[in-house]
Amino acid sequence: MKFWNGENEQMVKEDLEQVQLERLQSTLNRAYKNVQFYGRQFDSLGIHPNAVSSVEDITKLPFTTRKDLGDNYPYGLFAVPLRDIVRISPSAGTAVKPVVVGYTKGDLKVRDTITARFLTAGGVIDTDIVQICLNPGLSGWGRALKEGAEHIGASVMPMSHMSTSKQLMAMEDYRTSVLLTTPSYAMHMLGVMDAMNTDAKRLALKAILVVGEPLTQETRGVLEAAFHVDVTAGYGPSDVMGPGIAFECHEKNGLHICEDHLLVEIVDPDSGDPCASGQTGEVVLTTLTARAFPLIRFRTGDLASAVAETCPCGRTLARMTGITGHTGEVLTIRGVKVHPAQIERILKGASGASSPRFLVHLYKEKHLDMIEIWLEITDAIFSDEVKVVEKALIRLRQQMFQMLGLEAAIKLMEASTLDRYAAPSGGVIDDR
Amino acid sequence: MLRLRSVHSYYSNAHVLKGISLHVRPGELIALIGANGAGKTTTLKTISGLVKARRGEVGFRGADIAGLAPNKIVRQGLSHVPEGRQIFAKMTVWANLELGGYLLRDREDVVQVAFNYGLFTGAFGLHYGAEQIGASVVPSSVGNTRRQVRILKDYRTTTLVCTPSYALRIAEVIKQMGVDPKILALKQGLFGGEPWGEEVRQAIEERLYIKAYDNYGLSEVMGPGVAGECPNRAGMHVAEDHFITEIIDPDTGEVLQNGTTGELVLTTVTKEAFPVIRFRTGDLASLDDSPCPCGRTLARISRISGRCDDIIIVKGVNIYPGAVGPILEAVTGVAPVYQLVVGLENDQDFLGIRIEVSEAMFFDKMERQRAMVDRLRKKVRDTLGITPRIWLVEAGSIRQDEETAPMVVDRRGGPEAS
Amino acid sequence: MLRIRNLHAYYGRIQALDSVSLHVRAGEIVCLIGANGAGKTTILNTISGLIRRAQGEISFEDGRINGLSPEKVVGAGISQVPEGRQIFGPLTVLENLQLGAYLRFKNKEKAAIEQDLERIFQLFPRLKERRTQIGGTLSGGEQQMLAIGRALMARPKLLLLDEPSMGLAPLVVRDIMNTISALRDSGVTILMVEQNARASLTISDRGYVLETGRVVLQGSSEELLNDSDVKRAYLGKDYKTFWEGRGPV
């Protein structure tokens, strides 16, 4: 099957624009009326939703930032009463406060459709056996992918906490035909297969779809050659809206944006002005059909650029490049977005130190991102009893895992040794 | 065909039917009309035996059926389709949850699912069941209990879904964090995944100020929602339209009488992908098909009183003690002598493994020894899904009394016996 | 087929429509739902040229029709069946129908008109039976059929229906809705306004929900029928009625 929603994925530009305008206007009317935050923001700027009379007019509206999401924790941005919400997704978020996303039944259906488009474009069909291998920090996406694949009718092995060798064993035994994972984890699996002397020919795999991290052409090449499969990528901003709001088709040249459900703008991260086509800027998203959690000009912090040409695959949906970086200090570790301030907060909470001095060291081991926290020893942490220190370290590691879904190593450093590095405390040494 | 004469019925002290007389002839369709509370449903319940008539006659095909048990009345050819039939019509796999607690009468409910979302069916099953009802579901999964408590508080969770032991852990952390459980929006909990008793129920209810409901299910059959308690909490109603339930003698396989405890055997009658026929669950329970005041005619099983095989359940994970040996052997290279210790700490289950040190496992360097323990821990975690505590003990300390040394020491029941 | 962008309309100083955008594709039944005064009828009247003081863009088959006189709009292929039928009571059924072809009489399409009459009598056999009866003596449902038939005599590509079920008994509503479905199958595209949201969403492909002159929601009729807001506001079903009576707790 080539398209999941052939009609919507191949709309004539003019029709698409009309649909976008209608949906944008009603989204604005609902957000203005039902969400206090948007109502106040619009009023304070003297803007009324009726100021938007074309899709381009969206630039008249103010941005929404991650901070806004955090400030309205937990339910402040919901546009429907709680009784209409069927799912509440807690997301660690990269803001200081966590972000809570809500979905109505209808929203989940839309998400299933969008995810199904992504999976279909990557070659998934109803007879496939799909295996999902994602970091626990991406569990929201794990559910979205599972439901999207089930929507197509495929058999799904949901993500679970298994070792790589066990995942590989399952892949072989269950005759998995599609793997959903991050690019780095796919590379890691490859390494483990080599070590186990497992031949990819014994696998029934036919496609790998990756999310969470940018997919480089080099990685794609290695994976395709080693697994004898097609590798395609999907994009979604953090945990906010699902993993496949933009996705590659078999042309593997840019990601088609689900424009009938979302508007994507690329703006200059500093000035907020729209970027020219092809110029790299920050991805800004506006939902067109979300009922529970509408977002208006949400700044994702992801950097990408628009692809101008039409795609030979037949989809008329506009394309963007994969993510080439992030604004600000956000780090992507194994697909999970982390802000150094989050790490500081965890260290404060768990170590008892009021202003811990630390550096974040990132490196790769067997293709996997590794994170190491170099923490300066202070009296608050240090104790003569090794056991006490060890316990504190275990607690720290647990907190890191539970808050971020990442296994971090904690290294205690002598006071002042951190000064050797050029980075200030809280800084990042990225050796990836 | 059916004739009522001066029937009087009561709900405890409320006199609901005051001398009703009516009749239905064969082939007729008769409507009872009246406002809410007028007694229409009570009339039907009185006819089907769910409510006993205190006075008057209920005649059916010439026989007086007043006072007969509902199942006997059904056998005479009189069936009752209860109010709210959508419960049955729409009941899919996961919506069995509705049977479980009747907890989610209201779409305003915020349901926090603190089960592990993985290959286990528990979390997904209860999650989708609650969504189907239209409640708001927070998939908070497991771990970081302080975060769980914050979610409970901030999201105004009304319904907690987890294992009973984790509920106690949450109560403990609520206390530690200085949160007053009375200010929480929490009103009920649906607990399962491991056997638990009335003392635990009482403890949960006292500490969290909620009603705690038991439910039963198992991955092989359907996941959660095979059976669940109603508000009367005297046994769990089995979704009999989807499962056939038997209680058998675990040794002879003979089907036992209602009320007798034996092994629960389940047959699926609607499951398409993976039907099971007379699946021996290994769980011990008894069956009760007497009518329940809640109105459900579905038979009830007692709460699970134990296992009839040597499986132990730790944190909701089934473990065959004998299966642990090969896991250890894969790391150490020799078949070690070992013993499992199950206990409670902070109201949470833990699994300990005592392993006798042999030559093959002895290292000069502490570091290497520790590395091996780490490997053992990881291997067990990867295979069983539960992280154990590993204690290396001197050779002979378990073997000493090999004949009598039990493979499992379960200290969860109370003070240690030995 | 029909595309409206940013329509603003006023009754005196009251703004009746505030930046409404919508579209109808050929072969679709699209319905507008909303409370009284939400602006539904205003949209139809603006399209058909009855209200000409409006800003925005209305295009029909690639041509702009804003500001055209009602006759020109009919000539372009859009006919409206007004609310309350408004048939000519003293005239017979046949005369009423012939009036609908007024523009075409001028163009001397007599043979074609006869053909169309036959087609309409096929669609509404009741009208044929009563062709000589005085319009005012028909039942409500028959009057509605007559009003639709009259509009069809202009051979419209797009039919605008305003409250076709108003004041009709439930069984008659079902008849009218079936007729509208059949009309679409015969090639007429339909934009309808309805108070009876359930009936209209059941036969339509898509819908728009209006509130105080603004579109607050749009989607496939199936989505709207299942939408909690729509259910509460227009289908007369509060969630409580769904969940009451599910046994005691």
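Chains: A, B and C, in written order; residue numbering restarts at 1 for each.
Just so we're on the same page, contacts are C-beta pairs under 8 Å (C-beta built on N, C-alpha and C of every residue); 3 or more make two chains touch, one makes a residue touch a chain.
Fair warning: this is a prediction, and the values are worked out from it, not measured in the lab.
J.: Per-chain Cα mean versus the mean over all protein Cα atoms: which chain has them closest together?
T.: Ranked by how close its C-alpha centre lies to the overall one, first comes A.
J.: Let me spell it out: compute each chain's centre from its C-alpha atoms, then which one is farthest from chain C's centre?
T.: Farthest chain from chain C, going by C-alpha centroids: B.
J.: Measuring centre to centre with CA averages, how many angstrom lie between chain B and chain C?
T.: Distance between chain centres: 55 Å.
J.: Counting only Cα atoms for the centres, state how far chain A is from chain B in Å.
T.: Roughly 36 Å separates the two chain centres.
J.: At what distance in angstrom does the C-alpha mean of chain C lie from that of chain A?
T.: About 45 Å, centre to centre.
J.: In chain A, what residues contact two or more other chains?
T.: Touching at least two other chains: 83-84, 105.
J.: I need the residues of chain B touching at least two other chains; which ones are they?
T.: Residues 106-107, 134.
J.: List, in ascending order, every residue of chain C touching at least 2 other chains.
T.: 239
J.: Can you list the chain A residues touching chain C in their complex?
T.: Per the stated touch rule, the residues are 15, 18-19, 21-23, 25-26, 29-30, 33, 49-50, 52-54, 80, 83-84, 104-106, 109, 289, 291.
J.: Name, in rising order, each residue of chain A that touches chain B in their complex.
T.: The contact residues of chain A facing chain B are 73-75, 82-90, 100, 102, 105, 108, 139-140, 142-143, 157-163, 165-166, 398-399, 401-403.
J.: Along chain B, where are the residues that touch chain A in the complex?
T.: 106-108, 110, 117-119, 124, 130-131, 134-141, 143-144, 147, 151, 154-155, 378, 382-383, 385
J.: Enumerate the contact residues on chain C facing chain A in the complex.
T.: 3, 5-6, 8, 18-23, 208, 211, 214-219, 223, 226-229, 239
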